[in-house]
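Every chain is named by a letter (A, B, C, D and E) in the order it is written, and numbering of its residues begins at 1.
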């Protein structure tokens, strides 16, 4: 399958409750528009997101996974986001080796005041995944 | 394999999950973009859903009642509301559930407004997204468990770190409410920076007059325990129950015995004099003089050219010397240094038969100066100049002293660096004269353990080190002094008795006050230090009041945004202070014209004229930036609170929680949070006291149940999690080889959960199973592995 | 130790005595200066006012040559060359500038990867050699001589990593082992006026007068400089200064390496004291 | 050829954005540290601070007609002291370039002439020769100055500090290639 | 049960190294009790029996079947389905049947690439004619058929229902013995789908090494650095999968001063062993500078093979097409 114009990617977003979820709410209250492809999941901290959840999202039907946390230094829990900052590149190196485009997973920092940035990130990521095309799955293994 | 199903999950007796889904129109906020009816139809078809309804405004009274009715009627044991953001109304619906007898944590909110209907105009796709969001919530809520908000008891005792005006204010408020306070102060006396001020802006009331009564009340209050000359060494525990170690420094005076009579410092022969020592930089001799300044040492690098070997005592007595020999006696018998020898030449004529000889044994204690009946001996500093500005002290100028005569507690301390006993084992005068036998030279550091329920940090500020800013000449020119130095110079108890004098002892005829030194400057501090404009105006007033003198203020902007501040600015204009709008770029003593001879020249652009000005003055006062205390970072780590970019302690919220911190039960007040003047510091101290009293009054602290729990049957004791926790909630149980979580410390971030390689840690409300179910719901794989 | 050396136009023409004494004093502490093959003018402070990219490309040609020669350091003795080359190197950290200048270099078959460290000889003597080794090389101490070390502007500005931008003491620390006395010299980093001496003489004279009168007040016997342009500006116009300001006793201006080499046993002739416009006679006699 | 003021301001900012920290010009708080640090500001029509004020007011053309930029001795005192981190010295260079580009001649054009001479010299031989630089410069500015500097030249010559034959870079084609490449780029 | 009243026992070796068979032999003389207790009806390694004999069994004829090896070929799949039908209790025995094991790493290349490597590209191969195995080959005597490789390798439970899992590469003899003894003594069996013959904690629980805080600044490999035998290997920077690996082996490897490679698979609450381990390892990287983090991660050779050495074919990744 190649990327087609009518392909609407399915995206899962893990949003930290303090910065990014609030930032996403702000995008809403400011009525900033962005593609509705991302289903947001609220977690208390981006540090809660472990690679197995990301892989599960991809395996269960997501074409891309976006992890959003507080900017480094602003973490509500001091440095939960630093753990994520370390896990994501590790996950990407494994994805790369397995032959999955690591661009399907992206970690970004969005603060509670960055409604515009939130929309921009979601827009940008949606378009990137759209260009990558659907993540194919092994539907039946045997 | 879910072995815990139907157990603690709040399921009905037969284990059936019954979800009620409520989709809100929010007027047209949601309904205009999301086909609400369609979402309800969709929800009805989802597994476990017993009832699905829509309503205009779910958050309204009738909306809530609708849910409550259904809980009873349809025997709902789970509720999903699809409406606005949970940050908005989650508490509302949780409360509604609780009122209907359903554990509030069996509720889940689906945000179809802020993150759905408001961010797209495409109705079919918005409806589709809303369905996904609702399905995720339905899928997740089936796995929700009943959770309880935990209450921990709060110890009434309060620890206040820092005995400046903010800490004193808070201590008095709390103590007056009948609650015990431990006030820890690093210096020998409480009072903080304010105790060194002469007057306060804009009212010009005498700082001592308003502060001393408060210090005394604090000292005498039966609910306040002052631990001065002490520091907090460690803190453990959590809100309600902190265990604190206080390290009490070696004061050498027993505060239980001392009655503050002051005989010791009256009798002490050692004068605090500037000290200098020789250091080498790559084989080149440099002098680094360190001067006593308010109890803190500061270093000044003196450039080459000032390299004369310093003589602490003038080696040739002036003509005033009567060769009485008292100095030599004191030096030998009291000090034991034998640095001065009185020679007699019997053969010479009377009057010239005696001479004083100085040798290299001098330790610079100043005992000879004190003994000298004629003032023939003086102490000089490294540059052979009279000690004046650099001797910034308010109390007695002795090795054993109190920082100010109004010290609270009024117990002296011994300054090891200048005390003769600690330098050569001799003297011991103070111990001999003390009627209470309170002095003990072998006192050890003591550690005291206390338990408190809350902690207030009010450690104040430092000012920026001026030595690296060579262009302003501080440490290079005698008459360039810092703001804090000027305060002491002005203070009635200071070395000049409150007279404003130049280093040579004469009054200045012109003074320049330079604003923003190190503030609003990306090389040093980007922040505005907030108090400098006003205290600089105050300085101008004090100078004009005390000496006949021209005063120049070099400023960028006058920031006078407080009650009565702008009026004060106007008043200073009327008092003929010259305001030059332009930041001073340099101070030099290099004259370029006859009127600059012997003066300090301040160079600045008068930006209103676009002209470069060279203003010759006799004295320059710098307004250095206020910065975070040295060691603030360490204290922040000890307490589990954060520091912002500029190093000041971080409040929980800059507007809505200005005295709270990220750590429950730990509060901040005063200039340790950001530069602040006295009114603001007092206000924050009082605000923090109110916060603390409210916590004490409630008696317990509620802990959100979103915490980590460890399944010890699964934990292999690998300890990967231990360091993940920024709150030290996790620790290793050596004996059982498992990790344990102190849930009162846990803030529920879930970082350890994501880290645990054994899957042994779960976060209540965000378990792996719940998030997985939510994912499956969001992605439409609901049937595959939901509650079934 | 060998260093790749960039003399620059002035060292070649107006300050041969600087070049000479540089080599001499370096040799005494075991440093050999290898001149960069076929160097170009650094562009000084002038070229950048016409075309920044071209100025950068021209001076980066020298950096590219040095890089190609495998050098990690490129040493210069002229403050202007030092700053111009360093700025070119820094400009390569800007995306657009690097792109444009690299393109031009490529056309000439050159490339610069940003691996060369531009150094000033005074700083090399201080940091790589160090006062201790300088001290060992001293044979005829300059006891009794009072020196005002004039650093000029560009040595520690705008790059402040090698010394204080207001009161640098690099030269003081290099010359201190010679036994001479370094006087306190507040004007050490004041500007000598550079090209203004040619275009706006009255402004240039005022600047130089400030520096010289400061040295006089500090009772210096001689002013030591570390830059050929400073050297010319400070010594060539003292007559003219005398016409405008109170200036009758000319102040000898020497290169700091001349003093260093003298203390290391060189003769007045070796170091080219006779090429100073205001001859330090007392030194010429002492080290004849 | 005069350009409207506002575009000039934009151009100045754009010029500076090509260098590290150049964008900080927008953060000026008008404190005047730059001007008071400048050894020649007393002689300028617009002090360095006022240049930024003029830029903000869209009045850069007046600045370009003044001597301001040509009085900058490039000592970087302003740059190291500026509390906003503005690259003032580089701004002065940018002003010179803007003036040249738009054909705006400052009221005293000696600086511009000296620079042009210098640039020709370097372009031609890859090196600068003080003697010839001066000679050519005096030919452009008139003999009066040359007379004034004759003593200077003699003094230099007497002390064997003048080189009569200018040096040339051997790899002249490299220089030409650089020059051509850039001229092509600029169109 | 058969005529002799003994329960019927079968064991089959699908795609795997045969180590599991050795593992059973390693229970030593206890094997005699097993042989005595059961009637062995099918076990190619031990007795001579043909597939057609198995096909002739009625469904559920076999009481206990230990199936080792993964499903790599159509033959493996066929036998899995056959034995499933004929067995009352089918046990995925050993890491291959449990989670695909090391052969599962082949899934990161695909069958074609594996064939290319095996028959052409590997350095030790000399095959100028580019010969490849054919599914059917005509011979004068008749057609020869050999099994065909499937597109991906899977563990046993991807093709049939599995009653129990015995993990390990191979399962450790004491654990095998414990399982066999329990069955022979008629102990109550755990619910179907359970992992048996292993613990519920992790290898760390059985590891005697001293553990302190973990802070990784560089990854070490046993070949390039000598681990201290008393300290936690992970504390020292060696990647040890013990923290994310089910206990039961008695920390065999770490006691031999080698890091655990994870053959006992994921502990009970862990869905994806490799992902969990990479999360744990990444979390303790001692840096907050993105560039340095990248550098430290880059120092880890073969992250996929390290974290998923045994479990790739059972991981979430298996569901993603490359």
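Everything below uses one rule, namely that contacts are C-beta pairs under 8 Å (C-beta built on N, C-alpha and C of every residue); 3 or more make two chains touch, one makes a residue touch a chain.
In this text the structure is predicted, and so the values were computed from the model without any measurement.
Graph distance from chain B to chain C, where chains that touch are one step apart, equals 1. The largest tally of C-beta contacts between two chains is found for C-D.
Averaged Cα coordinates give chain C a centre that lies 21 Å from the centre of chain D.
Chain C has its Cα centroid 56 Å from the Cα centroid of chain A. Chain E has its Cα centroid 73 Å from the Cα centroid of chain C. The geometric centre of chain A is 38 Å away from that of chain B, both derived from CA atoms.
Residue numbers of chain E whose C-beta contacts span two or more other chains: 270-271, 276, 279, 283. Counting partner chains per residue, chain A shows two or more touched chains at residues 50, 56, 79, 83, 87.
In chain C, 210 are the positions where the chain touches two or more neighbouring chains simultaneously. Contact between chains, using the touch rule, shows up for A-B, A-E, B-C, B-D, B-E, C-D. Within the complex, the chain A residues that touch chain E are 50-52, 54-56, 58-59, 72, 79, 82-83, 85-87, 89-91, 93-94, 97-100, 135-138, 141-142.
Against chain B, the residues of chain E that register as touching in their complex are 191, 193-194, 200-205, 211-215, 232, 234, 242-244, 247, 266-271, 276-277, 279-280, 283-284. Within the complex formed with chain E, the residues of chain B that make contact are 1, 711, 713-720, 722-724, 732, 737, 751, 754-760, 768, 772. Here chain B touches chain C in the complex through residues 281-284, 303-306, 470-471, 586, 588-590, 592, going by the rule given at the top. Note for the complex: chain E touches chain A at residues 71, 77, 108, 150, 152, 154, 158-159, 270-272, 274-276, 278-279, 281-283, 285, 287-288, 290, 293-294, 297-298, 300, 302-304, 307-308, 315-322.
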